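Sending over a structure as structure tokens; questions will come in a sec.
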Amino acid sequence: LAGPIWSFGPEDQGLMKLDYKAQFQMNLRDTGSGSDGTGNTSEFNFRRNRLALMGAYGSNFSLYVQTEFNEDNNITPMNVSDGNNSDFRILDAVMRFRQSPSLNVWVGKFKYNLTRENLESCEEPLTLDRSAMLRAPLASSGTRDKGVAVWGNLADNMFQYRFDVMNGRNDAESAPNSNFRYSARAHVSLLDPEAGYGYKGTYLGERRVLTIGAAYQMEDEVAYADVAGSSDPVDYRAWTVDLFFEYPVEDVGTFTVSAAYVDYDLDDAYQGANPDPATIGLNGEKNGGYIKAGYMLPNLPLQFFARSENWSFASLNGVIGQEVDWNSVGVNYYLRGQDLKLTLEYSKVDFDQEGTFGGVTTENFSTLTAQLQLMF
Amino acid sequence: LAGPIWSFGPEDQGLMKLDYKAQFQMNLRDTGSGSDGTGNTSEFNFRRNRLALMGAYGSNFSLYVQTEFNEDNNITPMNVSDGNNSDFRILDAVMRFRQSPSLNVWVGKFKYNLTRENLESCEEPLTLDRSAMLRAPLASSGTRDKGVAVWGNLADNMFQYRFDVMNGRNDAESAPNSNFRYSARAHVSLLDPEAGYGYKGTYLGERRVLTIGAAYQMEDEVAYADVAGSSDPVDYRAWTVDLFFEYPVEDVGTFTVSAAYVDYDLDDAYQGANPDPATIGLNGEKNGGYIKAGYMLPNLPLQFFARSENWSFASLNGVIGQEVDWNSVGVNYYLRGQDLKLTLEYSKVDFDQEGTFGGVTTENFSTLTAQLQLMF
Amino acid sequence: LAGPIWSFGPEDQGLMKLDYKAQFQMNLRDTGSGSDGTGNTSEFNFRRNRLALMGAYGSNFSLYVQTEFNEDNNITPMNVSDGNNSDFRILDAVMRFRQSPSLNVWVGKFKYNLTRENLESCEEPLTLDRSAMLRAPLASSGTRDKGVAVWGNLADNMFQYRFDVMNGRNDAESAPNSNFRYSARAHVSLLDPEAGYGYKGTYLGERRVLTIGAAYQMEDEVAYADVAGSSDPVDYRAWTVDLFFEYPVEDVGTFTVSAAYVDYDLDDAYQGANPDPATIGLNGEKNGGYIKAGYMLPNLPLQFFARSENWSFASLNGVIGQEVDWNSVGVNYYLRGQDLKLTLEYSKVDFDQEGTFGGVTTENFSTLTAQLQLMF
């Protein structure tokens, strides 16, 4: 269940691989449907539906290109709609040059360097998925961006550094200024190393890992606090710290604990005379974090997990200073490792302030998801 | 002309294949252009333009992923427009698990189980194409849907059953209720078996087939007969019967006859105070059927065909109870079987009531199509 | 750095190849941003981002299918915007039948036969890119179209002819008449032949080429000079002449000179009572040309280039008879031929009439582009 690898060129220096990756879900939510929008909603859909092309030439060059397709998604993390969308795109397209393990240069479209969870492989989280509230504000494509990154591992892979310069907000007309966005991230791995660009949410008991990381991101004059007056430009600053621990104990099982905190700051644009809508809401100014924990049986590829998140939003659906709790429990069953996996998760979202504010209704909801994952 | 198959993994259990499939057409229609919309219209375009990835691992798992691209289609089955469309999407993405020939489970996006003709391979119809009026109402993606199917063959492949549960109408906000859609289909093959999920419109004289099938489909509370009042929800029910017969006679040629009837019921939503537009029109409440016939020469890969369809629409372009006849004749020339095929078809569409109703003009029209099909 | 080629079928008659091709750019422009639209603008983005599938069967059939993806392009040749675009499509899909070197028939979607520069390989220009002002008016997809071409080489490949019939303007409702577009092109190569369908902007010193070409294109009743009255239909006519010369001199280097002139005529539709917007502007009635020159070092894969263009537009952004000069200088560094190339270009665009006309501002601007090209 892991496709063919083709080699070519003199001394078989060239490699190519074509993969398909799917996460097919059945979702049941206790709200969102019917004439008053409060009926139960049920849906089959793909959370991810990807074709990936990987290439390499020698040991110093590789390539990763990946498409994504979303279609008619009724049930989304925070909303239910008629789902009249159809979006086929190239999600990743990155040329990777390696000078040495301590110096890599990546060019193209790929994940920016801020939170650990966003950098965890989409197909190898511990829980059903990464946080729905984790995305950086005003990032071109949400979880990815376009630009250049320089990164590497030092001290026997114990220490990793990353720098990138990317588009950030790529709205030349709407932004006060067309600036690039800069990120810096570092981690230290005290047990087994995590030396790649992508992290994992679990190593299925095959590694002993204790990694502590931190990152900082900035972009100047990213939006107006007063759009109508084209005035009061605000700067964007974010920082995060994160910890990942996984430890297999013989005959007992594998324990995983992971936690992070992140602060996204936009100079309190939400208090402005007429703030840019992009500075508020789910991907606007906010801070919060998660803790997740897992336990995998020693002799059966079955893993229990739980996660708890809390976020404070500058302004969400008409509520200033809204607080949101997102808790979930679930189980992964690895039929063939991550290549064929069944996941079941129950999650509950609680808002500190429920009700209808400015015509928008905010109500707690819960979701039950069954997911079949394939990587071929 | 049928691409490479790559094997991989221990004992070459894994297989992968990449295909390109095109149907390129020149279309001439006797209406649709110019300042009054009645001039002749001519167009080159792709009817289908697909990349397909197939995979298998062992004998119990396989995968089928297929993209489709439509662009600037001026001449469509029922209309002529400026064709300002561009739609690239993943049409099929299905994970296929096989317990035994009598028990298969398919998961993902694929064809739902109702009419035989919709289940016939898009590249192997008898006539130029399947019926333009056959699609089920309110199906997410027209000919495909997302969900799970269970199916298999019994009694030496003489009998086949299929059940599926799928999204059906996937419009959580607009539908009275977010229900799944259920289908059941069965067929009996009295001569050679048709044991796959996909049927064919012709076996080019390589099989003797006599198959009789029937199917039923249902989804509760699928639309409002009174949208303005959010009231009078209607249920969807459909049933079909079909027959397929093909018989090669030595030195004489191959004869093909196929017929079907289908009834799509929406509780007469069109009589409601303010019916959901999706309940009327081409893909609304209707019933009808087709008969098609073919004759293929014994010593030359040349096949003549004809088809006749009649449909009754609850309401079509402002006409209650419109009747439509669609008749066509044509010829297939198989340069390399279905891999490289030339088709020429002349078709004529007759409406029982012609004229302008509620501002929309309904007029008979005819179309001449030359098509080059490639599967590589 | 040029992917695997798979063979299949009896006697390995079948071939298949899968490629990825990227042009990733950092663009800096001296205008376009901020509240008054005059601030500097900077952006990372892909100019081209393509997956290509090539196939062949025997020596008489081949296939070329290529996708393109554009996304959030802020800096475009003539404008700066918020770039809220996402366009994934099949750019080329052509079935190529070869009767003999002197008779080829191509069917599908591919480049139409008019200017040499549009027919030059997108990844092998001499300068950063082809002219932004070269596109034919009212062509379905800009640089490509759908239809059939017949072409071949005669007299030991010294002479080449091409004819095509294609959609041209594929707007059945808006055009006065649904006519096809016809092209004819010929060239004579006095030194080494250029016998393919695609030209190159440079042969990197591997050929001695002197080619002179000319072409003509026409489509009747393509647009109204008076849209409001649906009257005064105009015909489209275009012609071009072009010259390409490249000569490597041992120990001195390779010299390249190329020039072309093209005239796009739409019966002076811009003088009509209410001209179709598609007859004016960047892709409307115009004439102009370019001259480009290159010098490549003898022992280092470094190539200097310059280009100069002048165009006269019937009407551009509210200015009748606008004249535009586009001059640029730059350098290509071929790390692995065209497979891995770095390009740096500085360009300046000068308008004969600057100012604000009819609410639209026309101002000179300049752009600095660094590009990394990969073909894998």
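Observations
Read from first to last, the chains carry the letters A, B and C; within each, the first residue is number 1.
In the analysis below, a contact is a pair of C-beta atoms (placed from the backbone, for glycine too) under 8 Å apart; a residue touches a chain by one contact, two chains touch by 3 or more.
Treat the numbers as computed from the prediction; the structure is a model and nothing was measured.
The best fit of Cα atoms from chain B onto chain C calls for a rotation angle of 120°, in steps of 5. Although chain A and chain C carry the same sequence, what matters here is overlap: shared residue numbers make up under half of all numbers found at their interface. The centroid of the Cα atoms in chain A and the matching centroid in chain C are 38 Å apart. Counting partner chains per residue, chain A shows two or more touched chains at residues 6, 18, 88. Interface residues of chain A facing chain B in the complex, by the touch rule stated above, are 1-6, 18, 20, 22, 24, 32-35, 37, 39-46, 49, 51, 69, 71-72, 74-75, 80-84, 86, 88, 372, 374, 376. The residues of chain B lying in touch with chain A in their complex are 6-9, 14, 16, 18, 53, 55, 57, 61, 63, 65, 67, 87-90, 93, 95, 107-109, 140-141, 146-148, 166-167, 170-180, 230.
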